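What follows is one structure encoded as structure tokens, with my remarks underneath.
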Amino acid sequence: MIAVLRQDATESQIESLCDWFQEKGLDVHISRGEYQTIIGLIGDTSRIDTDLLCGLSIVESATRVSEPYKSANRKFHPRDTVVKISDTVRIGGGHFAMIAGPCSVESEEQIVTVAKAVRQGGAAVLRGGAFKPRTSPYDFQGLGADGIHMLIQAGKAAGMPIITEIMNASQLDLFEEVDIIQVGARNMQNFDLLRELGRCGKPILIKRGLSSTIKELLMSAEYVMAGGCSDVILCERGIRTFETYTRNTLDLSCVAVLRERTHLPVVVDPSHATGAARLVTPMARAAAAAGADGIMIEVHNDPSAALCDGAQALTPAQFASAAADVLAVRRALGMEKDGEN
Amino acid sequence: MIAVLRQDATESQIESLCDWFQEKGLDVHISRGEYQTIIGLIGDTSRIDTDLLCGLSIVESATRVSEPYKSANRKFHPRDTVVKISDTVRIGGGHFAMIAGPCSVESEEQIVTVAKAVRQGGAAVLRGGAFKPRTSPYDFQGLGADGIHMLIQAGKAAGMPIITEIMNASQLDLFEEVDIIQVGARNMQNFDLLRELGRCGKPILIKRGLSSTIKELLMSAEYVMAGGCSDVILCERGIRTFETYTRNTLDLSCVAVLRERTHLPVVVDPSHATGAARLVTPMARAAAAAGADGIMIEVHNDPSAALCDGAQALTPAQFASAAADVLAVRRALGMEKDGEN
Amino acid sequence: MIAVLRQDATESQIESLCDWFQEKGLDVHISRGEYQTIIGLIGDTSRIDTDLLCGLSIVESATRVSEPYKSANRKFHPRDTVVKISDTVRIGGGHFAMIAGPCSVESEEQIVTVAKAVRQGGAAVLRGGAFKPRTSPYDFQGLGADGIHMLIQAGKAAGMPIITEIMNASQLDLFEEVDIIQVGARNMQNFDLLRELGRCGKPILIKRGLSSTIKELLMSAEYVMAGGCSDVILCERGIRTFETYTRNTLDLSCVAVLRERTHLPVVVDPSHATGAARLVTPMARAAAAAGADGIMIEVHNDPSAALCDGAQALTPAQFASAAADVLAVRRALGMEKDGEN
Amino acid sequence: MIAVLRQDATESQIESLCDWFQEKGLDVHISRGEYQTIIGLIGDTSRIDTDLLCGLSIVESATRVSEPYKSANRKFHPRDTVVKISDTVRIGGGHFAMIAGPCSVESEEQIVTVAKAVRQGGAAVLRGGAFKPRTSPYDFQGLGADGIHMLIQAGKAAGMPIITEIMNASQLDLFEEVDIIQVGARNMQNFDLLRELGRCGKPILIKRGLSSTIKELLMSAEYVMAGGCSDVILCERGIRTFETYTRNTLDLSCVAVLRERTHLPVVVDPSHATGAARLVTPMARAAAAAGADGIMIEVHNDPSAALCDGAQALTPAQFASAAADVLAVRRALGMEKDGEN
């Protein structure tokens, strides 16, 4: 950590600041210039609050040069985390999974049909929303507990583990048979929820918030991991920018950055990012090429007839074709392990 | 609402879509061009899901031309909402309030001292955080229930109503003696929480999310109002942009836009937006000039010594000076009602 | 084009507006609602100024539903444009090209060495900067005319066509032997320059501005095409967002969107977008998978020793490996035509 | 400047890097940690290229802690710059000016009428566009040389100095009788143009680019000042964000930041920022309260009838009212000097 002091800091102020750092167990290095004095701090600065430091009247700026996340940091845990989802499905460390299903569970028939279709098309995990966060209170909010029950049945019928989104910790009881609990983009910084989920013993997939930095995503993983959970999966799903042709801007560089900074697996969701079915396949191909450990795609049995979220859903046939492309890309780049997952 | 159809939409597809709109009680107007057909929908479209519409294979785009919010919409409720905070304090409709206090409640002595000082300096409402959402699990998270208790005592001691932030609905019992419940920027789209708060019978202040549009802020107000609450206060506190000199970019145009679009009062928080004490006074002056109904400012009894959040806090003396400036601006612009609030 | 009128527009105002539209040769369709009147305009609206329309006191908003670009629009020119760069190199319509070279031309020896190395590694076109736009007046600004001369020599020595950036129209004479003239991101809306380039008879590559929308990029292509030039290549090079781990955010969805909206070829520059050599290869792979017609990569003979722009440059060996990956991805996805380009 | 070295940097690499810094006349301070080594550089680092430093394989990151701008830096020139526009008009150092006029010069009659009206309403400087940068090649591009001539006549008729925008250096001859030359937002990083303007001996107003940081704006001022010009005026006119209710987001914090960082005067343009006449007055008031040295407002004699840019123009009467408000705010805040400008 680097602190730049103001020109008018007095010697005794600087001294008392340095004493305070040393009490925290940090090594302090001072560089004095004509217009500025710079203090370099070496040691475990993860528990030092940057805002706190900037709050001091003699400090002009404070910059963290080491990352404030530890459990999620590849520097301290160089080996890839492999998250075991079921007896046969793993994500991370070379294990790749296609995750597919409808945006919302609409009926048992619908979800079972889609489940079997995406399984056939190459999906390893079934997704489906039961609790839906909607911007408008007048929009459809999901089937709730019934939806989760239907999803569980569909997972069993198709022989697939399932993932679905939780909205608040009071719903946890309903998630006992859910294999991966998803934290949505809008809840990425619902710290109370993250803390609770860290104690529930299940793999947690955290979606990046619309305007969250990569560092903030890793700090949210840190919240979950601080509770004891090490099976965290990160998910890039587009960020908010000025561009309006796509719903959000899919940040694929984030995949490469995350692989470098963390040992946790990274999944990409091109459906929500682009908001347009016709952009999903090229972005799924690109996500695979960028090194994603999994790709989550919205699939609906009849997107054009359905009156819900069809805009971004693929048909089962389109999904199977996208999944085949993804596999082809992975093989071409030597990413695919034979006979696994 | 306007739907633009794809070039290849067939007559029978267009007809069945129009039938479906008419069943929803909407008037349908069709304009046919060489490359596009445009459908104009007149009537109550607030319950039509734009995503749903875009999902249809024959639809190229769908644009809402009337706002999806109703309860918060000035078009349907032209008169300003006046939120009654206490017997003597009101916000909105010409009533203006300075809200001040420390970022975090640290001790009973601290909060009582600050309360009396800001009251003296011109504040009408006391703020203070007890539950603090922090990006890092290793940072200070607030005093919790104890903090709320101290804040209540301080409010009584200084004779001021109080405002503090709630993190999740399970904390509601602790807020019985709180006068305004604050929803933080990170929870602006925690829809479960908003829905619960709409039923609690207290004024709710909603902070705009870091990357939330004005429309989304109004939709969040709509969630609270849908629960029966009409005492909603909106708060601009900076949005996330590419600029890094300030922590966030304070969007003061938002104040003028909100006054036009909604009858709800609008408060501005220059402390969190800028993250720097020396920018707070000019931005408080500007917020008053832009027409804000209230200004919320972080004040600490000893920002330079304190080891928490001092960067953006004013001293009580600086606050009193800023409050005097705000009053002067309001008087100069004829905004101040004599003898009130 | 759709115009939404204000509630208080009078009948005679509406009538005189409609007359004006009809004089412009447009068909006018009116839909009247309780709170709004909507006017749909069918016909060639590309010459109607949206700002102009919004300027009328009776207009609440005006939305273009057809694109304002015509020459670049795939709707009117469905077939891919193939840009002929040299006797053997083409870009677009299935023809793909790797473009490689140093950020700046430093010396004849350097540029010849790099040229031969990238040719060997799979590049079809040589890049190298002679005029460098730098944020600081104190930074190195390029070798200018000498640099262009060296680049031309290196292209001849390696048997490759060359591309380099122009800063203003007065430099055009120096570009006679340059095969593709590049317009940098900062000049994307230098309309005087675009207009001049449209008349110079050479292929023009336009880089997307840091904060330019896809539509604005297409409008800039329209400026060049309005001058008579049809050989325009578009280049995605990252947009400015709040994320700071990468220099800019590479928007690969833009590639898929552009392929849908325009017939012009699309090139991706992962070096400038990410600003970090270690992210270039994954992003080059992803760009190929997303369907780019070309990839532009910064290569330096000795990035670690060189004291210029090395951060984002690959070594020739790294480039050869990335180029092989790109080819593998294209083959796996059936994008590669045999025996061509 | 701070450089953080990679974990795997060898002693001899570090040593040779430090030698290189010392050759540049910098003092070097090394802090060694377990995972990182930090180098602090003290001295004149403005000529060190950060990109260059990051390019070295042993460098993880490099951060500038002192600003790269010198001539524009308040640290080195604490006194406010006062720009003399005419015998009676000054901007900066307590001198304030309203700048007003139409977006485009349309005819001599129009510009003379507006000039007299805004003079009457409190404007000190007359604005009017002759060369208009337009996104679409099909939109009106301004009257060019004729427009400048009309503007000069109008300035003389009303007894006001004038400001108008230049698009490229080849137009300079036409600007001989122009009092302030404006560089538009799209040309803020047209470095060739900036360099030329620095030598022309006239006051230059630089508009902040849509996606330019405050630092980049200051660096553009630095380009002009490097040519010998010290009469530079900075102009905030809104930045591009995700918000779409306003055309751009007016960043008023920028005014307070600039007053702290630079001695150059700062002007605010609420018309282009908001794009809506009804938001101009509240934002003009706010800009004055934030401490702007001038406010530039679009005024048209008949915005509702005119078919050009009326959306954001005030009528002369609205302008006079806004100007009176601005004066009232300035007086209330003690900003107004008696008997001057």
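Chains: A, B, C and D, in written order; residue numbering restarts at 1 for each.
Here is the rule we go by: a residue touches a chain if its C-beta (ideal position, glycine included) is under 8 Å from a C-beta of that chain, and two chains touch if they have at least 3 such contacts.
The shown structure was predicted, so the numbers you read here are calculated from the model rather than taken from an experiment.
When I count C-beta pairs in contact, which pair ends up with more: B-D or B-C?
B-D
Return the chain whose centre of C-alpha atoms lies at maximal distance from the corresponding centre of chain D.
Using the mean of the C-alpha atoms as each chain's centre, the farthest one from chain D is A.
Determine the centre-to-centre distance between chain A and chain B, using the mean Cα coordinates as centres, and give it in whole Å.
27
Just how far, in Å, is the C-alpha centre of chain D from the one of chain B?
Taking the mean C-alpha position of each chain, the two centres sit 31 Å apart.
Centre to centre, by mean C-alpha position, how many angstrom separate chain B and chain C?
39
Got the chain D residues that touch at least 2 other chains?
211, 240-242, 244
Help me check something: in the complex, which residues belonging to chain C touch chain D?
Residues of chain C touching chain D: 46-47, 49, 51-52, 54-58, 68-69, 133-140, 167-170, 186-187, 189-193, 195, 209-211, 216, 219, 222-223, 226, 240, 275, 303-304, 306-313.
Which of the residues in chain B come into contact with chain C in the complex?
The contact residues of chain B facing chain C are 2, 4, 7, 27, 29-36, 38, 40, 42-43, 61, 63, 65-66, 75, 211, 240-242, 244.
Applying the document's contact rule, which stretches of chain B touch chain D when the two form their complex?
Chain B residues touching chain D: 211, 213-215, 239, 241-246, 249-257, 260-261, 273-274, 278-279, 282-283, 285-291, 325, 328-329, 331-333.
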